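Please find the structures below.
Look for chain A in each of the two complexes below; its partner is chain B in the first and chain C in the second.
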Partner chain A sequence: MDEPSGGRSPRRWPGWLTGWAFVLPAIALFAVMGVYTIGSGLALSFAKWNGFTPTWNWVGIQNYLDLLYADPVLAPELRRAGWNTLQVMILAPLLTVAISLPLAVALNSIRRLRAVLRSVYFLPYVTTGVAIYFAWRYVLEPDGAINTLLRSLGLGTLAQPQGFLGNPDTALPTLILILVWSSVPVATLLYLSGLQAVDPNLFEAAQIDGAAPRHVLRRIIWPLLRPITAAIVLLGVRDTLHGFQIFLVMTRGGPGGHTDVLALMAYRLSFFKGLAQTLGLASALGWLLFAAAVLLTLANARMLRRVR
Partner chain B sequence: MTGRRVVRAVVFAALFVYALISLYPFLWMVSGAFKSRSEILEGRFLPRDFTLDTLTQTWGRLHFFDYFLNSLKVTGLTVLGVLVVYSLASYAFAVLDFPGRRILYWFFVALLFVPGITMLLPVVILEKQLGVLGTHIGLVLPFVNGTAPLTVLLLTNAYGSIPREMREAARSDGASEARIFWSVYLPLSRPAHVTVAVLTAVPTWNEYVLTRVSISDPSRYTLPLGLESLISSEVPRYNEVMAASLIIVIPVIVLFLFLQRYFVNGLVGALKG
Partner chain C sequence: MSSVRKRALGAAVALVVGVVVAGCGGGAGEQQQSGEQTLKMWTFKKSHADALNKVAAQFKSETGITVSVEAVTPDDVFVSKVQSAAQTNGLPDVLEVHAGGEDLEMGASGLLQDLQGDVGDAWKQRLLPTTRESGVMTQQRIDDAASDSPFKSAKAGQRFSVGFTAGAFGIVYANKDKLQAAGLDPNTPPKTWEEFLDALKATTGKDAQQGGLSLGLKVSQTGYNWIYQPLAHSYLGKDRFQALFAKGAAQGFASPDGVKTLDVYSKLTPYWMPGSTTLGIDEADIAFAQGKSAFDVGGTFTLAFLAQNGMSPDKVLTFPIPPSSEGVNKEISMSPLALTGLGVTATTQNRAAAVKWIDWLTSPKGAGAVAKESLDLPATDLGADAEALLGADLAALQKYFTGSPESAYDAADVAFFPSDYDQVKPGDLMVRLTPLQEVSPQQAGTELDKIMGSMWKATE
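So, the complex of A and B:
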């Protein structure tokens, strides 16, 4: 490990220099990979460029206007991707909470097998990534395991002959369910740690006082779990705005744009438009996403404060 | 009494059903990896002719051994870089006093809100100019930088929770700042370092987006790119795809089984922060 030069003769070095010596590597890396890239990305969002020509064409805020309403091709594309993003952003955290809260309560109520089940539930989180998405693709194929299962259960009408990802009506719901599947582990874990922090004496006291279970849930458990729920929803919203790997790997936004999301659109504009001058647009879209993330976080923080 | 027993049975049944749902794609991944190509698209779960050929072929002829080494290199360097760079910085944030400390700290943590996609394109453009695009170092640098918010948060908390008296005692014994950091804070924060290491290693091992747009030379492919190259052929051979997926997932599962509590501590700690 690098010994910061400030350490060798601490008495002759002013204290502030020691502090800066310690943070220097982090700042140096951040100056190159962070400040410079953020700055150049922001600048690029006001220009048109295809990545190859030596100069950028400055266009002011035209990229933003094109994306939001001016361009007849891009604006509708953005709206559709935005609508899909919104659906994912609302449904995925909601379903995650709806599944993981009862799961955590159930898990908390048993003693035997709790540790084993907790590990099993956690597995989807650790392995989330390309490999597991391909495994899902495999079971969702037209002749895949899920269709076979549905047919053998006599639910053949629910089976999807083109595959769940090939049918425009089922593709997005399927992806949302897989996102829920991979975010339930962390949510369950957080709820479980919240439940375990509840003082068991509190329950007993409530029972002695003759409180109905419904009241115990509403007055004692829920207030404790509310901040956790807020955190889970915030995480889910953030992941939806930031993450698009599942969409890239499983459908590439198809069929026919039905699973396109904003981050995926930015990715496409960045890397798959050949010589077209779309890099500025991609940057602008990235900054719109950043703005949305900040706004949603602030709104969430406000709500949290009001709740408290 | 029987009513309570029925409730318990229902609870257990529900827990087992969800355990099955959690494991569902893994079970098919394992079954697919041991099937031959002729059998892979039949709906049967257990392979009729159990074969190891798919795995050995994927490992050898399809170069997954090489991809494995590349992934190991990128992940190892990233974890090392993260630990060196941010343990130093977090120590300064937690215990040293210098002008700009609070602002810098919040700056690093606020980066959590910058979406990866916003940074992706400028990073690629910059790396092209620097000539590191497409190299493993070109992956490691942004990966290390990308972990900054979470790592600084976790490590600053960990160092901050060590009693100040220990530092004062070491100081009065004449230890330098570097010495205190190295001999007092680092050994006492082992659990936090392991947590940071696993929380860095797993996403790096699985990283696909930046790797995909920067690495073009197949000899530098990491495992996720190798996996993708299998599926981009016209008719994906799912037995090989599942064998490759298994090769990616198994090290992560092993790591998780051994270091489970560090994952848990890290996630809970990160959210409290």
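So, the complex of A and C:
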């Protein structure tokens, strides 16, 4: 019922207050953790600051210009990191889809041991990322398990004397494969849940019509699972844009900068520059990444609409 | 209001109050609840924290002041923690920071107090001569800084830290057993760079996989900082070496001087331990301690780490990066520089106690006690007690600190660098020169000049 123009009646204000009291913590948290930090981060991208001084030095859009073209060292660094990021962004999701979809179809087609195999395939996702990356480093060392295995199989020419992470030609592809290895479990589960939601009569009808398994995969399963594929690709792209742990732990962008990516560059500008005034540059790079993520999300939304 | 509603309102208010109280808790005031003076200190070195916490008991028995030391590692986490603590008034009373830059940055940014009035001549005389002025802001540092640098708000003569540990980079450690196995004298260090390369050739010839040189090139600036710079310094002499870095350098890295030094350095290419580019600093030292390489490059501080990892010091031959026989300086010595310094934070409520703690730590008694526990060389001159306090092996490293001033490489002399000097960029390029061989010495020289030019531009 509407209140008189004088406002809420004394009898009802406790209810109003109770509501606000419950909502206030969430609003306060969002204001501090969300609005303030986003606003502060955006403002910082227009300043130079080392994290210590009480004041920021405002430089306008110079941080953005330096990153994009004005600084003769930073701009090429950004381009190289951007190119590496692009390769990871394209190859990691594609390979994830290429491996997880057939794997899910195979898992869906068997009855025995399905639960066991599903658990086995999910194992890489269960273990903490950083621990996994350290384990992979040992496996990929010059005298690590992979080189040892290759040599014992008579495939010594494929072994990497400097280790798979020490050779500039193999370092980035190796990291991409590890990213794929760690993202396949979730993608497989998503596909598997999608497959189990598909009407079995569709497969039966196709088989009666004489469709080969590859035709079923291409003509029925693939179109029906396109929304899941789009989600997997989007997740992969998102991980690539903001993920840097694997690059930090395994190569730190090396050897010689060959595995540097944009997120790692932002981290480095923030925390690996000693006390140089590069926090503004790091923030500007973060906003550039945000802009790229928004564009990709819009493209993805458009793609999803088309799929539907 | 119904009782249910009252209870709900009460719960909501309690929640809000609880969140606010939790958010505002801690901070000032908790240090002196019992009237007893208590200091908090942060360091970025775990071995220092352990040693400092041990000697703090001795300090307490003498002064009644309790000190609690916390290690925040690694370095980048330490910096970010100090950054966030500075914003929330959560800094401890004392910080151990990197000397030669970080201390000045923090001081000029208002995080560390000026100790100029506290550190008198008598105090300074306790320190090694080359570390006495560490932590002091100079007019040249202010003049060279970029116009928007925090240095511009500092005053020459302000002291933001007192040297705590000292040492030198560019110390080579050789495995005596591997030298002997390769037919080399395990007790005679190579006198020249060329002899060093010959020794590497012999050890890798004996064992290609485990006879090379280990260095943590994953931290790319190590090769540039610890090998190339002392080598180029001895090759060119001080003035021509510093000219490589000069603004608009006519005699920069792409000059014949620069290219020659890069060429001499790149002779290491065949001798790196397999996978050097994938190893961090500690990992490279551990690889050496495990017998995976015949040589390892580090600093004076590396000996303690090798010992902690099972490498007996008597199995190791040490020598500084040897000078090239073609170079200007035929012998090399390292000026000991302050590696870390102690500073008092601007927000401390216990300034007098904090200064007393630093005073005690940099006295021969305190410094000796810490050195004994941490196996790290102090910036305090221990004089005749050095060997007794440090042990023969660690004290022996100090012999590389003596030499003629002309040929001594002083890593603390950074006056000729751009103020925004960043070692990582040239470090990455040096990794591409060797071991990756992606650029020639001439190309590396041209690229290095571009990098230096960019840093000078930032200074303008």
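The criterion applied here is as follows: the second predicted complex is superposed on the first by the 272 of 308 C-alpha atoms of A that agree within 3 Å, B and C clash if a C-alpha of one lies under 4 Å from a C-alpha of the other, contacts with A are read in each partner's own complex, and residues count from 1 in each chain.
Operating definition for what follows: a residue touches a chain if its C-beta (ideal position, glycine included) is under 8 Å from a C-beta of that chain, and two chains touch if they have at least 3 such contacts.
None of the values given here were measured: they were computed from a predicted structure.
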Check your understanding: Is the arrangement of chain B and chain C around the shared chain A a clash or a fit after superposition?
Key -> clash
Practice item. Check the residue A:Ala106 against both partner chains and state whether it touches chain B (first), chain C (second), both, or neither. Key: first
Exercise for review: Give one of first, second, both or neither to describe whether A:Phe22 is in contact with chain B, with chain C, with both, or with none.
Suggested key: both
**Study point:** chain B versus chain C as contact partner of A:Asn57, first or second or both or neither
**Key:** second
Revision key, fill the gap. Counting residues of chain A touched by each of chain B and chain C, the higher count belongs to B
Check your understanding: Between chain B (first) and chain C (second), which, if any, makes contact with A:Ile208: first, second, both or neither?
Key -> neither
Exercise for review: Considering only the touch criterion stated at the top, classify A:Gly257 as touching first (chain B), second (chain C), both, or neither.
Suggested key: second
Exercise for review: Mind working out whether A:Phe271 is in touch with chain B, chain C, both or neither, as first, second, both or neither?
Suggested key: both
Check your understanding: Between chain B (first) and chain C (second), which does A:Trp181 come into contact with in this model arrangement: first, second, both, or neither?
Key -> first
Check your understanding: Touch check for A:Gly166: first (chain B), second (chain C), both, or neither?
Key -> second
Exercise for review: Scan A:Pro72 for contacts with chain B and chain C and give back first, second, both or neither.
Suggested key: second
Check your understanding: Do chain B and chain C touch any of the same residues on chain A, and if so, which?
Key -> 15, 17-18, 22, 25, 51, 137, 141, 143, 270-271
Revision key, fill the gap. Within their complex, chain A touches chain C through residues 14-15, 17-18, 21-22, 24-25, 28, 48, 50-54, 57, 59, 71-74, 137, 141-143, 161-163, 165-166, 168, 251-252, 254-257, 268, 270-277
Review point. Hey, which residues of chain B end up touching chain A in the complex?
Key: 8, 11-12, 14-15, 18-19, 21-26, 28-29, 32, 41-43, 45, 84-86, 88-89, 91-93, 96-99, 101, 104, 108, 111, 113-126, 141-142, 144-145, 148, 152, 176-179, 181-182, 202-203, 205-209, 213, 223-224, 227-228, 231, 238, 241-242, 244-246, 248-249, 252-253, 255-257, 260, 263-264, 267-268, 271
**Study point:** Touch list for chain A against partner chain B, complex
**Key:** 1-4, 6-10, 15-20, 22-23, 25-27, 29-30, 32-34, 36-38, 40-41, 44, 51, 99, 102-103, 106-107, 109-110, 113, 117, 119-124, 126-132, 134-139, 141, 143-145, 147-148, 181, 184-186, 189-190, 193, 228, 231, 235, 238, 241-245, 248-249, 263, 266-267, 270-271, 279, 282-283, 286-287, 289-290, 293-294, 297
Point to revise | Residues of chain C defined as touching chain A within the complex | key: 1, 5, 8-9, 12-13, 15-16, 19, 76-77, 79-80, 82-83, 86, 98, 101-102, 105-106, 109-111, 148-150, 209, 217-220, 274-278, 280, 420, 422, 424-425, 428-429, 431-432, 435-436, 438, 450-451, 453-455, 457
